[in-house]
Amino acid sequence: MGKRKISKNTRQSFITYGVVIAAYILLTVLASTGALSSTFKGLLVPVCAYIIAAISLNLTVGVLGELSLGHAGFMSVGAFSGATVAIALKDSVPSEWVRLLIAVIVGAFFAAIFGFIVGIPVLRLRGDYLAIVTLAFGEIIKTIVTNLYIGKDASGMHIGFLDGDILERGGKMILNGPNGISGITKISTFTSGFIIIMICLIIIFNLVNSRSGRAIMALRDNRIAAESVGINITKYKLMAFVISASMAGAAGALYALGQNTVTANKFDFNTSILILVFVVLGGLGNMLGSVISATVLYVLPETWLRQFSDYRMLIYAVVLIAVMLVTNNSKIRALVSRLIPGKNKDKEDEKNV
Amino acid sequence: MKKIISLVLAVLLVVTCFTACGNTDKDGSTDTNTNTKTIKIGGTGPLTGGAAIYGNAAKNGAQIAVDEINALGGIKFELNYQDDVNDAEKTVTAYNTLKDWGMQIFLGSVTSKPAVATSAESNSDNIFFLTPSASATDVLGGVENPLTGSVEIDRKNNVFQMCFVDPNQGAASAQYIFDKKLGEKIAVIYKNDDVYSTGIYNSFAPKAKELGLNVVSVTTFTDDTSTDFSVQIADAKDKGADLVFLPMYYEAAAMIFTQANNAGYTPKYFGVDGMDGILTLDGFDTKLAEGVMLLTPFNADSEDESIKKFVATYKEKFGETPNQFAADAYDCIYAIYNMLKDESVDSKTSASDICDILVKKITADSFKLDGLTGESMSWDATGAVSKYPKGMIIKNGAYVGLD
Amino acid sequence: MSLLNNLINGISLGSVYAIIALGYTMVYGIAKMLNFAHGDVIMIGAYACFFMVTEYGFNPLIGIIVAIVVCTLLGVIIERLAYKPLRQVTSLAVLITAIGVSYFLQNAAQLLWTSNPKIFPALFGNGGIKLFGGDLLIPYKTIVTIAACIIIMVGLMLFTSKTKTGKAMRACSEDKGAAQLMGINVNRTISITFAIGSALAAVAGVLLCASYPRLVPTTGSMPGIKAFTAAVFGGIGSIPGAFLGGILLGIIEIFSSAYLSTALANAIVFLVLIIVLLVKPTGLLGKKVSEKV
């Protein structure tokens, strides 16, 4: 019974690691034996990127308790900065792994800077006003990237805004305004996606179980009480927000380098909403829930629902509503907690979220 | 402990689901043993979402051609269109789904952005790619960027287009306007966040400059600002433009015609192939489009026998007048049919082998296709089609040839 | 003169945002939920009116009434099936359900009426009042939209301050628990709010499409988001705030595309919004709520 001594939080984090590792091993084995169809193989990298985006948004929405409607904007920053760097370094850094690593770090770094800029209004605003500011930032980032041109010619890198005529003859355009980045060499792999997921999970769980994490959750549960015991709101809110943004940036870089082409329009309001759906459906503050719901909700319409052809998205909508109704139904919740003993306490905790 | 076991079981369940799906897909592809002359053709397009009109048109057009060919006897086709929601990421999944289904020939993606992604995928898999309507140069690869003169994406040798490639349209429009002296002062409105629209504008602008056309106003809009055009119209009007060039799809153009007319501004308009379809818009006052000139390869009102037959079948089956997307897809299927009918291919031939045959045939000098969107169309190694756009003008609610 | 013209154009666009924002803010103020399906109810209303007027040849007035009936029914059904069961849980859960409803309506509309655009008839004509010898044109549809906005705004304000149901709504928006203790049927009050909000959506849909006639299944989504922005801009929950926010948003959008850049218009609108919220964190006319521990 020595196991009882492990705190509930630690146990939860180890379960999450265990499930992710088990899923990774299983899928890798299946892929190597050829049991996985091309469809699923193609989905692995984007699913990893969406999982990272979902757990990072869960840090903002679930742990910090602020609604963000512009998370895709941070992915966009990470995607375009990361992919630009990866393409620019194509000749000087031959190793794909090193290039991907640099791209992900650059993506996370730039997204963190944007997170910091967006984070400043976070200090002043609350609730839906905050939500609309994040939405606004997401849209602004989209417009900026749509009009941004980055290219490389004999005299080095050039950046243009609104005007694509920035290169000498013979130069190569990397980010071509509305056409986005095309001709990306796919260097993201399932393994790299898995490693980034694990790193993000470790960072989040360590943060949540640390002094800072408790301060952040105290802010969420009762801001005024937290403030009165001397917690620095600015510092902890910004901390959570910037970490969340940088992870989204890493997700963006991973995503972009797993695609042939990315355009700014991909990271619009709808994508932000999609990630939010993953988070809410998986449970606020529940990282494993985000991982599972991101996987299922992303894979479902792309695979199993395809047999319904025209009715595919209609059924997806119905599934979404039904799942929300069922998981939030008090009778069903009571039934579940009776069937799985020990689940009761978790549920109580979730309700306080 | 119990919880861990239950979670591991849950993961196992999900994973077995994945593989189970994969297996059924494979089973599905083996039951074609009975009909060995059936070739599987796949395509992706936006069947839902904001761009669904284009995907569904292409799907329907291709289906008509497939039905006609299957009725002829001999080689048979099976068509499978998958939804890509006009998204470069979803389209790869759609493409992979088709691969799992056992696709042997790929009709590409209907819209440009997804087609850039699927053309790269099909290139590495060596599956023949013939898109009805994705006109961006990045789809073909190997085309010079007009601004830098360098080739940014290598030519994808398996990729061909049925529609005009964007730069050709932009330059052709500038040339046409210049040759026919259509306008003294020219205004351009284009869609800034759209690959198709910017692609045409980017080749129109340098050509116009070279020819000395007087472009007085260039304004843009995006998806998010596509409701109100008053600023763009006012700018063109204030600068005295007598010709407005609209490289965009017809639904946005319809809004511009309506709003310009309300503002009392009636210039001449010049459109591109995306303008085709304007006359069949539900509830649109075709008087507003009177005098609009456009370059289009397809005319649904044509007296041509094959076009008349196609339009009638389409109306009967789908209740709408077909646009050029449908006609292009129809031509794609016939192009493939004409190339394959004398070949000994069947459901067992690998996609790669079919691709090699088709690439060789389509680029051969002797191959010419008479279709709905052009006569004696031919292709070379660049992948672009060689056909000539017809200059049309809308008179009394119908297209009339300009020449 | 072009300045005045742009102003008129801005007000035209803004009046459409305003009328959508009124419905948004109404539902938000009382039910405290962001109803993302509002834009799609608008779209359904526009389709209902379109079919009545163009297919069956009815008078536009009947078209509008049918649209109102259809949308009210739809709003009540949506509320009963999708939102009511979630009344006790976090507002985020309802937000996600609303997104689900939004997907559902868009896809259902596409299956029913295809994605082929329909051009909405110009219900109020294409003319307008000409000033300065025809240099300045104030379109009739703008006048109608603004008049409708003002009538609805005043009506809503009177309704919430004078009638019993309206007062109950205000009580619910202040404090649901206390309202319940005072004998107000909170559930019913929220349902009535949705019915009214949906009826407003029908009017907004018809006016939106009368001004900007392209009708597709996604017609409501972008104006919906813009109107939501407008509602926040004016102070969400505030009825005059929604009107003011809508008009200002339209003017800013037109002015930034006319004088700055058409390509960046959208970004500028949102930038102004952020700046306004930084200066006034609860929007232009929003109430400042003092917090208690």
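For clarity, chains are labelled A, B and C in written order, and residue numbers in each chain start from 1.
Just so it is clear, contacts are C-beta pairs under 8 Å (C-beta built on N, C-alpha and C of every residue); 3 or more make two chains touch, one makes a residue touch a chain.
Bear in mind the structure is a predicted one, so any value in this text is a computation, not a measurement.
Peer 1: Once you draw an edge for every pair of touching chains, what topology comes out, line, ring, star, complete or other?
Peer 2: complete
Peer 1: Hey, which pair has more contacts between C-betas, A-C or A-B?
Peer 2: A-B
Peer 1: Whole-Å distance, chain B centre to chain C centre, using C-alpha means?
Peer 2: 36
Peer 1: Please work out the Cα centroid separation of chain A and chain B, and write it as a whole number of Å.
Peer 2: Here chain A and chain B have centroids separated by 33 Å.
Peer 1: Would you please write down the residue numbers of chain C that are in contact with two or more other chains?
Peer 2: 107, 263, 266
Peer 1: So which stretches of chain A touch two or more other chains?
Peer 2: Residues 139, 143, 146-147, 310, 313 of chain A each touch two or more of the other chains.
Peer 1: Show the residues in chain B shared as contacts by 2 or more other chains, in ascending order.
Peer 2: 48-49, 192, 222-224
Peer 1: Can you name the residues of chain B that touch chain C in the complex?
Peer 2: 48-53, 56, 192, 219-228, 230-232, 234-235, 238, 251-252, 254-255, 258, 261-264, 281-285, 320
Peer 1: Which of the residues in chain A end up touching chain B in this complex?
Peer 2: 3, 15, 18-19, 22-23, 26-27, 30, 35-43, 46, 139, 143, 146-147, 151, 153, 164-165, 167-173, 176-179, 182-183, 259-266, 288, 292, 295-296, 299, 302-304, 306, 309-310, 312-313, 340, 342-343
Peer 1: In their complex, what parts of chain B are in touch with chain A?
Peer 2: For this pair, the touching residues of chain B are 1-4, 6-8, 10-12, 14-15, 18-19, 21-23, 25-26, 47-49, 82-83, 87-90, 92-93, 95-97, 99-100, 113, 116-117, 120-121, 136, 138, 141, 145, 147-150, 152-154, 192-195, 198-199, 202, 222-224.
Peer 1: Within the complex, which stretch of chain C touches chain B?
Peer 2: So the residues of chain C touching chain B come out as 2, 5-6, 9, 12-13, 50, 54, 107, 110, 114-122, 126, 134, 137, 139, 212-214, 216, 218, 222-223, 253-254, 257-258, 262-263, 265-266.
Peer 1: In their complex, what parts of chain C are in touch with chain A?
Peer 2: 28, 34, 36, 82, 85-86, 88-90, 92-93, 95-97, 99-101, 103-104, 107-108, 111, 225, 228-229, 232, 236, 261, 263-264, 266-267, 270-271, 273-274, 277-278, 281-283, 291, 293
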